[in-house]
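Two complexes, one shared chain (subunit A), two partners (subunit B, subunit C).
Showing the complex of A and B:
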């Protein structure tokens, strides 16, 4: 249908629209008009993707000079594929309505692993190996060598692409991963490099967060994207952690050892080369004198594991003299690694600032800050010169140089922590050196600065005022939308006490209490007896999960549980977990019913959807606070307090509640779905916790549901389940939570907006 | 009086109830109202779907699969799920044979992961009611196995002739099924054999039941309370539209007659129905129905002749199935704008609360919602049309 959103005609490829989708479009339009950033929360399953796409595409067609490009960032490959599906549908709808396909190119960019069509390379399973193999076929010196030596293998697809791929433009259309592969096969072009090339002029680009946030990759891939772009981060509730992870480095003994081996190998290679091909090294030296700018434009294929974010100064400056010579650089690295080794030889925890760390290096091994900054770039150059094609083996030493560059580049927002042992096993010596980024705004700052509109959206962004603070930006629009529902399809409940009136809570003092554990067990058994099919439980940590399950075993809870449902447990081993998940699904499908015990912040809580029968109830045992004794966290909290005036407690609660919301949100994936959400902890009923839940959950969490005993909760659940099982069709939704064009028009736009948006 | 005392348990023994929540508020009680609304609409829709002149599976062969597992001892239906089910089931069986006189029924129970046939396919209500009543004493243990019982029912239904409509009705209190193999293959088998499986859940929606019903073209419903349970069960009384695989055959039937020769006393004979039953020995008596083919005597109809296999029915039986083919016309839903003051059938005064009223398309009389449902569920003829000769004929001419 064609909608009129604030004067803009939007084509919406469905016959019906949810009221909140319309409200969402209105808000998004305002943000685009204002050319500012925005933060939008809308529950999962209400068609965020298609709403976003249809509005932005309409805007792009209407105002081609204001918005030239849409960059859609998602987390996983299946999610990316879903976006492409929606986009295809939308553009086909345009064609059907207007009789002409819109003049847009939309495509996906993914890793080589997903895009490679080379018969041998594409059979590899692991991303790094594919990258390495690809590199060994397409690097500039390999291709040069092929020119005079035919036996050197090269990739025919890359050759095909570089021969005539760059002159032609792609026809209008939407290219998903499979389409790109097919397109590449038809023309004998490499889909990966094709899409890397095309994203610079494509109108719609869909790729993973990392291509924009991870400075190592963003530098290579996303540098040339135009300023008049709309950037969308979908499922962005964890965006600050992604930012931080992309800027942090962790080094342990094993990495150091392997890096030392790398360096020895490098040394030998350099020595050999010194004898055979003296000139090459000399050339490199010259190049470095002239500055890195030339080196960095060498060939796009060479820079597959490029430097961390480099201030522009570095690229224009010449590499300092003391690391220009290959031998000198190697001995420089050796010294640095020796230094790291001594730092790891500690008995107690050390925490220091980058400045202190640099000073210490200076006094101990006489390394200055400036050469350290060039470390990463210098190593990349050396590897190129030595014509080492398989970079995967060199990842440890590359990591070390990244560390050096990071430490030397940033003095603020980072900390260095050396821990001699793991907290869980204080007797086993396992020293780790963390260079940890504390400020999530560092990585995302270039994105906010460069692009005119950045949209951060997810199903769970509450409390929203935290994100502008920790990401350090100023949104023009900040809205939370609820789900308009024809029936109350979610039932959040806070269970605060067991049948024996003992308060249940996972707080530190009571978590090992037998009465609490027994009551948790009782709750689960009761729920399992009355809720059909799948139930998912989230614990606060693996440690707690294990101890609770052990006590349940002794108390006989496990036995009574297994009378109703089968039991599956998530472990830290991902293969084991996916096995458990597979059988969990099978048990739900076959009617036996199953309970999955998993951990908040684990793999299950983030990536897996439990729609319909796979998750009729979600139980949250305790509040999933992050492990507060971790020194990295403490450092980050200190930093947040000093820099952004965020109280520790506020941040911890914010973090815990967004994870809790994320966990329970797994159960509802659409308007026809229904699910129970049980928060089993007394502390959830406090208003500081409750008010931080997303609006769409809070709305259904009435006061009468916030302080229940096990028995009361089960009674309510039982009745509610019966009501939800009544047949429910589209006609029932129509007019309430589903609108046709006429209904939409007849309801005044403002009225709908008022209803759906409560911010 | 005494009976009533026994039926009731003490208040404190019942489940946890919040009676004050039964009071519906309009602002906050949005939940109750909307769900009730949806049910009401579903009822109407069911009514609307009923088409005259469609082919119905009249010779029904229905296996009722009854859950007798641990979960049936739950007290959310009073006094327990099982006793409540037994009671409603008794009425259902009577009603079923009343409305579908040429059909047969069998009963399977599932408990302790096993299936057990407590009464074979037969057309006699009394035997089934007795079997069902015996269930009151069975011990409710273990989990049910849906697969085992479906397989058992399927084995019996497979052998039926192609013109028979094969059906299974599962009443399931448990939320889990403990099966020896993959239930999906069983569901596919049922589908390929054209067995229509309906499920009534007593607790909540179970995915596998939903799929069973959807795949085989049956209905899946979950009860809200005992009244709703009754409603849903009685929904099964109406014969379903014939499956596509069902062949149309001419069926040979016998219309037995009482042998009474003027002036002579009937000889004392034994009837075939009781000739080898153990608990209720066969008695010599005079009256009875005689098979027109082989002259075996039966004391009840309808029945399948044990000697020659002929289906024996009486003419009124067949006539009773007739109304399924000529249902009363569906009423149109119209908004109430003071068209008339009272409901034509029950004489109820319409008030502000009646937003919708219902009008018969033939006689244009106005009815209330309750009468609408009563007319179409039970009466099967429109009082407005029936009291007016001209419209009565119109109605019958259009449907024929």
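Showing the complex of A and C:
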């Protein structure tokens, strides 16, 4: 249908539209008009993706000069594929309506592992190996060598692409991963390099978060994207953690040892080259004397995204004299690594600011701050010069230089923590040095600065005022949309006590209490006896899951549970977990259903959907707080309080509640779906926790559902399930939660907005 | 240092957990007991390279790599003399060249390349720059100074934070006790319905909480005036005070000389007054002093007060 959103004609590829989708479009259009950033929350299963795509594409076609490009960032490959599906549908709809395919190119960029079509390389399973093999076939010096030595293997697809791929333009259309591969095979072009080349002028780019947020990757991939872009971060409730991870470095003994090997290899290679090919090193030296000037020119003309790891300051300066020479640089690295080794030789936890670290390194091994700052760049230059072609993995030493550069560049927002052992195994010495980023706004700042509109959206962003604070930006629009429903298809309940009136809670003091564990078990058994098909349970940690299951064995809970349903358990091993998931789905589809025990923040809680019969009930056993004793978390909390005036407890509760919401939100994936959400912890009924749940859950969480015992909860669930089991047709939804074009037009736009938008 | 063994007695860290490795200028390691044994007299030679060594030069080995240990030792020694800072150079390129030169010296010494010449070079440098070396001793470079300042600032901050937290805690504790007491008093003596009283108190507590949430603490500056101390403030000047009143208007100053009319500037030159005063020398002219000014000044002095009549004192 064709909609009119604030004067803009939007093609929507379906016959019906949800009221909240329309409201979402209205808000998004305002943000695009204002050229500002926005934060939008809409429940999962209400068609965020297609709404976003149809509005932005319409806007792009209408105002081609204001918005030139749409960058859609998602988390996983399946999610990216889903986006491509929707986009294909949308553009085909345009063709059907207008009789002409819109002049847009949309494509996906993924890793080499997913895009490679080379017969040998593509058989590799691990991403790193694929990258390494690809590099050994396509690096510039390899291809040069091939020119005079035919035995050097090269990649025919890359050659094909570099021969004539760069001059041609791709025909209009949408290219998913498979389409790209097919396109590459037809023309003998490498799909990966094709896609990397084409994203610079494609209209719609879909890729993973990391291509934009991880400074090391963004430097290579995304730096030339135009300013007039709309960037969308979908499923962005964890975006602050992604930012922090991308700027943090963790070094342990193994990495140090491998880095030492790397350096020894580098030293040998430099010595050989000094004898054989003196000129190359001399050239490099000359280049370094002159400074990294070309890079600085590029940055000044604003053609690239700035890189937080490579600060502006070092581009304008020449590399310091004491690391200009290759030999000197290697001895510099050696000293740095020896220093790190001495730091790892600790008996107790040490926490330090970057300034303290720099001072210490100055007194111990006479390394100043300035050469440290240039470390990463200098190594990159050396590796380019040395042209080492065999498959050595230089990532350890590269990691070390990143650490050096980060420490020397940022004196604020970072902390250095050395832990002599893992918290779980305090007897085994396993020292780790963390250079931990505390400020999530550092990594995302270039994105906010560079692109005119950044949309952060997810099903669970509550409480929304936290995100602008921790990411340090000013959204022009901040809205939360609820789900309009024709029937109460979700039933959130807070179970605070068992049948014996013992309060249940995963609080540290009571979590090992037998009564609490027994009550959790009883709750699960009762639910399993009454709820059809699949049930998913979330625990707060793997450790707790294990101890609870062990107790349940002793108490006979497992036996009585298996009388009703099969039992599957998520483990830390991802292969095992995918097996468990596979059989869980099989069991749900063929038998009386199954129970899946999993962990909040685990693999299942993020990205696996339990729609319809796969998840009729979700149980959240306890509040999924992070491990609060972790040094890094403590440092981050301190930083948040000092810099952003966020109290520790507020942040911890915020973090716990967004994960809880994420877990229970797995069950409802659409309006025809229905599911029970049980929060089994006394503390959930407190207002500070409840108020942090997303609006669309809070709405259904009436006071009468907040302080239940197991028995009461099961009674309510029984009644509700009977109600939900009645046939439900589209006619029931029409006019309430589903609108045709006529209905939409007849209702005043403002009225719908009022209905769907809560704040 | 787990896999360390003494090259002489072959004791490893595993056999003797308290094993301490020592190292001397040559960079070869020995365990502590071997050092005690071999260098009983206070001097001896290295068992590996036969270099004569003195016992009190032995240090505990800090780094695993003996070469690095040796290099750091040499570096510290060399940098004691080569202590110029970036500020001592006119341009960055010069500084970088200097750094590279120092680095080359250290590299040569550490890897036994051309030691004789290198040592000569160091001596030469020491002779040439004796004064400067003494002057820069103990002086901190700009970056080091900044680091120091940062550390100092961090220390202050943590101290402040600690105090704040303690204050806050005691404050909240006191407040809670006060509120509780007030509630109990009210319940004891008031004639109102107990339920109402409890409700109003709960309401008040809620409101207080909200208020607290609203009043986020303001960001702290260093001084109440907002001026930052230290180097970072050098780049920015004090704020120019805004001018509010009417602008200043210049009025020429009229001098009451009580004497005959003075010749003006031109007359002093034309009428030859300047012939009677010393003409200015080069330095004086550079400073802006001309002989006519001095002459003028002398005339003013001479003429002023010539016609002065002493007024009768008022009684």
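Criterion: the second predicted complex is superposed on the first by the 737 of 759 C-alpha atoms of A that agree within 3 Å, B and C clash if a C-alpha of one lies under 4 Å from a C-alpha of the other, contacts with A are read in each partner's own complex, and residues count from 1 in each chain.
Note that in this section contacts are C-beta pairs under 8 Å (C-beta built on N, C-alpha and C of every residue); 3 or more make two chains touch, one makes a residue touch a chain.
All values derive from a computational prediction rather than experimental measurement.
**Student:** Go through the superposed model and pick first if A:327 touches only subunit B, second if only subunit C, both, or neither.
**Tutor:** second
**Student:** Considering only touches as defined above, state whether A:645 meets subunit B (first), subunit C (second), both or neither.
**Tutor:** After superposition on chain A, A:645 lies in contact with subunit C alone.
**Student:** After lining up the shared chain so the two structures overlap, which partner does A:366 touch, if you call subunit B first and subunit C second: first, second, both or neither?
**Tutor:** second
**Student:** After superposition on the shared chain, which partner residues are touched by A:531: those of subunit B (first), subunit C (second), both, or neither?
**Tutor:** After superposing on A, A:531 lies in contact with subunit B but is clear of subunit C.
**Student:** Now for A:335: first (subunit B), second (subunit C), both, or neither, which partner does it touch?
**Tutor:** Second partner only, subunit C.
**Student:** Considering only the contact definition stated at the top, list the common interface residues of subunit A for subunit B and subunit C.
**Tutor:** none
**Student:** In the complex, go through subunit A and note every residue touching subunit C.
**Tutor:** Result: residues 289, 317-325, 327-328, 331, 334-335, 338-339, 341-342, 345, 353, 355-356, 358-359, 362, 364-366, 368-370, 411, 638, 642, 645 of subunit A touch subunit C.
**Student:** Going by the contact rule at the top, pick out the subunit A residues touching subunit B in the complex.
**Tutor:** Per the stated touch rule, the residues are 486-488, 529-533, 563-565, 588-593, 612-613, 616, 711-712, 715, 718, 721-728, 731-732.
**Student:** What residues of subunit C sit close enough to touch subunit A in their complex?
**Tutor:** By the definition above, subunit C touches subunit A via 1, 62-65, 67-69, 71-72, 75-76, 79, 92-93, 95-104, 107, 110, 141, 143-144, 147-148, 150-151, 154, 157, 161, 216-217.
**Student:** What does subunit B use to touch subunit A in their complex?
**Tutor:** Within the complex, subunit B contacts subunit A at residues 15-16, 18, 30-31, 34-35, 38-39, 41-42, 70-71, 76, 143, 146, 175-179, 182-184, 201, 203-210, 221-224.
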